[in-house]
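I've put the structures underneath this note.
First chain A sits with chain B, and in the next complex the same chain sits with chain C.
Right after this comes the complex of A and B.
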């Protein structure tokens, strides 16, 4: 595959783009940003803070590559291709380009170029630029992956990759609490909902027997099968949960306002123009499978309408510029959802066409608005809209651009927002007529209310920031000005685009929108967009919207104040409250559960594990006894040679020694003797590989054990427990041993699986050339396992390193501080980290545990005073001290 | 433990053990052995030297950057796993070939080359790196302010001074006491030797 990819790029240079195999061509587009991620550090060495231009160039290459597909897509060709990945599960690496995918790809790459260029000036030189651009490139590649995937599993992988890169970017400022909160929230909601979507995909697989998207979409029988399936509703709901969470719709919207903690270019890119469109994209992608049903209309259009009005209403009270834009994004995405939901019954096409057109328009004006807000925040060092006003004279260019973008959002002619909003109104009227009038006319009314709210907050952006009086606030600089062209050019390009699409929509509709519509709804009417259609119902609705919008704007402050008062009065009526409670409770439950299990005593862990074994054996045993089934195999033959007997006795002796010896060193020696005897047993049973490995491992682990024990300096007696505790331990041990014994005795009762070891033996030499079957299995047949095992080994090494490092740091201080007394302190039992003596001076770092004075006794032992500490007290204070330490580190 | 005998033997055994570990690695496909056990044996050999000479001795001779051994081992193993994909085979596809060795036309033996052996080499280095990393980290954990390497090894066989501290629980009779007595005797006998020898070998 890699080879082919290289070959393809070679072909690209030689023959130009067209001759490429479509699969490798699309794979190149998707993988280019990922691969180039590796080049960012090198580019940074060469270009320093100008490295954004490098990333922008990659986006530009992707843009050109995708744009080169447009002519062939317009002709109705859909380049596609696949290589098999897990063919038995119908999981393939498959790419597919149709109008919809190309439209999304073009939006992502075009906005990507602008954002990555803009970031050059937005981020200061001192920030971690490499990380920033790497995340953005990963995000861009994942978005291309989502757009061009032709396999649901592959789509899911790229989908979650966008969630992860979004998590990284929201949390880009790693130190601030808000960005950590926002990033976690976004990941929990979008990632968690993605899992529901995954189950939905599996339901689709259960219905159709394939994960191939184009396969389902082009096969009328499959489409019919999906709609008739009893799983239809649940599948739709599961997939919609994922899509709605990604697009911040319905109850899932709460992550988007908190995601605004990301740097503004990121918000403009991910959280307005592209990533949040992924949910809408999925709804469009799966449109042919689910549309045309009541479920679809109610869920998609219904939730869309509610979200549209709810988010628009909540936008009114926001004071943070980016929060206003976040809520307006939610509301605008709800437009899109609603329009996709409208295609159910009548006049299919207008809703979808309007939605696709608005998808394009929204990306232009919302990205532009975000970039402008970034400029304003960059200049004014605040995003609080209450502190702004009268910037028109100081920032004239920004002002003009803001007027264009906000007016487009409000739907003022002749900008592109007007065109798609007209279509939205038109489709809502059609929908109402198709539903039979009457109460259905509520739909256009709701649409108008959504438009009115949009109008009001759009104009607030213009009027509050740029007109009126300049506020006298100590946080706001006295003199501001338009930024350099690097930051102005991207929004300016978008503003030009807004105007051009508004004035001459036809080329854009023909090249971008119509192919996408054809992909979603084959046989849709051809879309005709024009500024003037005559006096239609939609036009009248627009006039009403403007009138009501102006009216609403005069009442703006009162409504906002009412919302704030309501929130103060009823803090519990909010989705954020629900989310916070849920997350807090999950953490609390986890902590409680963890404290229950993790007492810091290995003996306890062993006890729990043994108890579990007993439990697992006791249930079937009880069942067998109750039903009178045999628990023993009757045809067991016991034949043990004398030599084996001796070996067994030695093993038992060593095990007994390991469990009763009173000090650590003899105990370790006994347990390693046990290991050596077992190695001997392996050798005796003709397993030289095992015996040799066991010998080496046992030797090494003995040395390590001794090292650790000596480092811990626990030379106290190791069995401080009472007889009662001992009895309990003995009981558990005895039960576990009997359970295992019974398990082994009963194992013969069940038919064994067919052994496949003979396959390895027969084919070993032939297939691998090795005669040692053990080694051949490890490195060849089961090489995949081995590579996992050595990875685990490496991780274990790192974990041990970290454990030792953290211990050394903390203990080092305490030992240095009170070297005389503390180094001689020994804590009985399994509690090993040295604990500081109360009253003794402790260095700057806090140590693990603190023990109150009354629990410490001092023994005068010759000339050296020693101390002993009540173990219970130490254990109870350990958790507290530990969590304190962690809390401090977090700060 | 740091007697002359141990020190001398450690050097001799080290060479043999390392040679044997390489033998195990290279011949793993046909006789008992392999990358994992070879790696563990290698680390055992190093551990023996550590017991005899202390950590400084090893760190002066081996570059103590064991984590990069792990990294290169993992990388090597992954590359051998991925390599077949470059020539359009499956992940982890293996291949092997035989060579006849001839000198002046006389057949003296056969060499078998397995691609899976390269994977085993990756395993070998990962195991060595990871285990040495753990070993050296535990060994050079600076909890005490005394000269760590010397007193560490003294502790290894219970040679430290306050081992006579009475345990709280009464010591049982029988096997327990024997062990304790042996340890105590050894403590008395070797304590003086240790100090003398370490001075000498520094």
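Right after this comes the complex of A and C.
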């Protein structure tokens, strides 16, 4: 019924009112959240704290649009389309919707609706809601982009966008140290690993010659080429680094627990249900390229099994509710990885189908758990599980929902978690059989251990929070209750889904899971999911899991205590220790390096740059000398006209004068003389335009220099450099001059490129009507350069204006100092907007004690300047008492 | 460039400019910058004058690279790149380098203006234009 409705929508899209090309249809889905971020501030103006509903509505629209593609995909038609972006690099803007993409898209948009609605009540209205919803919408759009991308480069861009939005959301509470740490950690690990993945993508391009994903997946020759390529293992490892880091697998898991600093809805959305699935999604997406090899099995399934048990074990010691969930997320994602790893082409097995099914189920129960934890933390003002207990009576609805979600995670029938866990066990047994039994039966054993751990911490969530008695704690309110329906409805909807998928899995499997499986592994067995399969090995494993799980639960506290003791004893055996050391060292090394290079003195920078340039000239020079090659041009001209000679001598003399004259005015005169000689030289070099420009510019510069000198207020003369410094500077200058001289002398050694000025000469008159070719180039052929030049001038003018305007107002400067400065520059009160009144008490009320400078006159009487103040101004600026005192004193 | 004395002059101006920007006074640094830009501009302009052998000399009609030759001997017989009519045997210097330098002159003027304003404002705020002293004051 529902599908029929959606299908008709799709028909509408396809044939009817809105005829949309598949490309634009998917592009609409991906871009809608991005575009709508711009509308969030306006929506906030209208809806205030209810703006979350606006964001939820956008998610709902996306959900419907994605869902409308489901019927077509069930029929095996995958909408796809592309527009050319950077064709020379095989980078296209390409979208592609197959079962896998649609499944991820549906999960993202559906959980998105619930999270965004839930946030309405979770966040208080004092918080920066616009920023929060904008980030979430950007994230949602990026996730759609990851799901529907058909080009690896495009996928990478969206992939990093999810990392960035995750960074923003983890650091949403900008003030706390923990959230800054968590955000940085997440960005460094996922973003840094993303770069490895990028290199992996380039390796794929090197092998196949394309970045198109579906192009690779549907071309058997390319798939074979990838498998046979010598780059195969390194490509796989590089891409897996990115995927594993994103899904917090293997050694990269450490960012996820710290990411829990984000607001709980964000954790539910990004860090359990969707973003962390991106890594798993990529593994699934690239499955046909790499799977069926030993490398694949060892890396994906092996790391998956280790992570599953490791994270499950570490979850036991956690006391923060969200930390428990974080570790369980890592462990559950490892299930998915393991199942995707359980694929050999000879024996496709049910690994992939089981993984896709569990992907869906995990999103439902884990998001539900996070939302419930959010409720509990919201009500109790703490997330410490040790402070909880006995909430069953106070929060009955939350309790029921928690039981459903946690039991699903533990794999209790008839919930959806049970079904996918059965499949997980079954696939592990299949894998062991496919590998030929024997030692391979370790795989099912490890799978059961993972299940046992999951069982234990799932029950911890129910029993510790809701049963027993709460210890008295001043931080925890005495009376708590279920929250409003806005916060209860989203987890309730998910809980209903958990039960419904558990009881009637077939429609979901047919509509969502099977198309996704077909997209990953066309030859996979058709999945039959049912609650009861008879006494199978998987069923027996489930029974064992429950039994061992209960046993483990009785030892829970002892194991947790042992873990804590172990950590205290060996603080260095921890990945976090490794991470922190690396980051700290990077900071320290960076700071040291910065201190070495960035001394803050411009002269040092210039020195370093020059030293480098000289070095760069010295290398080829030394090489040429060593190999006996010529270092000078062969046809050097020593002939020189007398007029030329005189001009050169004058130029050098002027430059020398500018450098040795100690006082400013002679220095400026020498420097401007140099400018005018250069203008003369330009005229001689047949460059009349340059001569003209140089004359104007030099005149202006001279005026500017003199103006500035007039206004300079240096207190004391600048000490001349010591002889040692002078010698050093002279040496550097000499080296630089020699380097330039050698360069100029050797410049003719290599054949010059042919000048393309012919074009300007030939076409100048014809195309522009101008006969002065330089002018024509400046205003016509290279007109844009001139616009750039004009903008540089305008920006410089703006900068100068701002520099002049940015004077700080100098209130409270003592009269003496001001008079001093005024007498020095002979412009009384020009720089200081207000002066203290003579006689009024200095300090205290600055507004009262001051009059505008125009009213203060300074008389120059020999050495000591005196000031007189306009009487009216004093009266208008002082209160009665003050002015009376002054008048009395004057009498 | 094969004109030894031109190269020498340019290098000397450049060297003096470098010496100036290594000094302590911002005003002198500003002068140093203008010296350096003179040197570099001259380098570019003179590089627009080649020896005749490197570039083909075409002395046909004006539409076919007419009379456009590059020569190193800029004392005699070459013209500024201004077309005054039909030129049979005249030779031009490269207009492109001149156009480049025209822009460079104006931009270096803007740079000098900013540097000078900075010097002025710094002296106003700190009472000195000594870079070392400024560093000491600023900590």
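Here is the rule we go by: the second predicted complex is superposed on the first by the 636 of 891 C-alpha atoms of A that agree within 3 Å, B and C clash if a C-alpha of one lies under 4 Å from a C-alpha of the other, contacts with A are read in each partner's own complex, and residues count from 1 in each chain.
FYI, a contact is a pair of C-beta atoms (placed from the backbone, for glycine too) under 8 Å apart; a residue touches a chain by one contact, two chains touch by 3 or more.
This one's a predicted model, so the numbers in the text were calculated from it and none came from an experiment.
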Item to complete: For A:737, select first, second, both or neither according to whether it touches chain B, chain C, the two together, or no partner.
Response: second
Discussion item. With both complexes overlaid on chain A, does A:688 touch chain B (first), chain C (second), both or neither?
Written reply: both
Item to complete: Examine A:663 and indicate which partner it touches, taking first as chain B and second as chain C; both and neither are also allowed.
Response: first
Worksheet item: When the two structures are laid over each other on chain A, which of chain B and chain C touches more residues of chain A?
Response: C
Item to complete: Considering only touches as defined above, state whether A:645 meets chain B (first), chain C (second), both or neither.
Response: second
Discussion item. Going by the contact rule set out at the top, does A:769 touch chain B (first), chain C (second), both, or neither?
Written reply: first
Discussion item. So in the superposed three-chain picture, is A:699 touching just chain B, just chain C, both, or none of them (first/second/both/neither)?
Written reply: first
Discussion item. For A:21, using the defined touch cut-off, is the partner it touches chain B, chain C, both, or neither? Pick first, second, both or neither.
Written reply: neither
Worksheet item: Looking at the overlay, what does A:778 touch: chain B (first), chain C (second), both, or neither?
Response: both
Discussion item. So in the superposed three-chain picture, is A:793 touching just chain B, just chain C, both, or none of them (first/second/both/neither)?
Written reply: both
Item to complete: Once the two structures are superposed, pull the chain A residues common to the chain B and chain C interfaces.
Response: 688-689, 693, 697, 700, 704, 708, 711, 713, 715-716, 718-719, 771-772, 774, 778, 786, 793, 796, 800, 804, 807-808
Worksheet item: Inside the complex, what are the residues of chain B that reach chain A?
Response: 24, 28-37, 40-41, 43-44, 47, 50-51, 67, 70-71, 73-74, 77-78, 81, 85-88, 91-92, 94, 96-98, 112, 114, 116-117, 119-120, 122-123, 126-127, 129-131, 133-135, 137-139, 141-145, 152, 155-156, 158, 160, 162-163, 165, 167-169, 171-172, 175-176, 179-180, 183
Item to complete: Note which residues of chain A are touching chain B in the complex, please.
Response: 1-3, 657, 660-663, 665-666, 669, 688-689, 692-693, 696-697, 699-700, 703-704, 706-708, 710-711, 713, 715-720, 767-772, 774-776, 778-780, 783-784, 786-787, 790-791, 793-794, 796-798, 800-801, 804, 807-808, 811-812, 815-816, 819, 823, 828, 834, 861
Worksheet item: What residues on chain A touch chain C, complex-wise?
Response: 600-603, 606-607, 610, 633, 635-638, 640-641, 644-645, 648, 651-652, 655-656, 658-659, 664, 667-668, 671, 674-675, 678, 681-682, 684-690, 693-694, 697, 700-701, 704-705, 708-709, 711-716, 718-719, 721, 729-730, 732-734, 736-738, 740-741, 744-745, 747-748, 751-752, 754-758, 760-762, 764-766, 771-774, 777-778, 782, 785-786, 789, 792-793, 796, 799-800, 803-804, 806-808, 831
Worksheet entry | chain A partner contacts - residues on chain C that touch it in the complex | 1-25, 27-31, 34-35, 38-39, 41-43, 45-51, 54-56, 58, 62-66, 68, 70, 72, 74-75, 78-84, 92-96, 98-99, 101-103, 105-107, 109-114, 116-121, 123-125, 127-133, 135
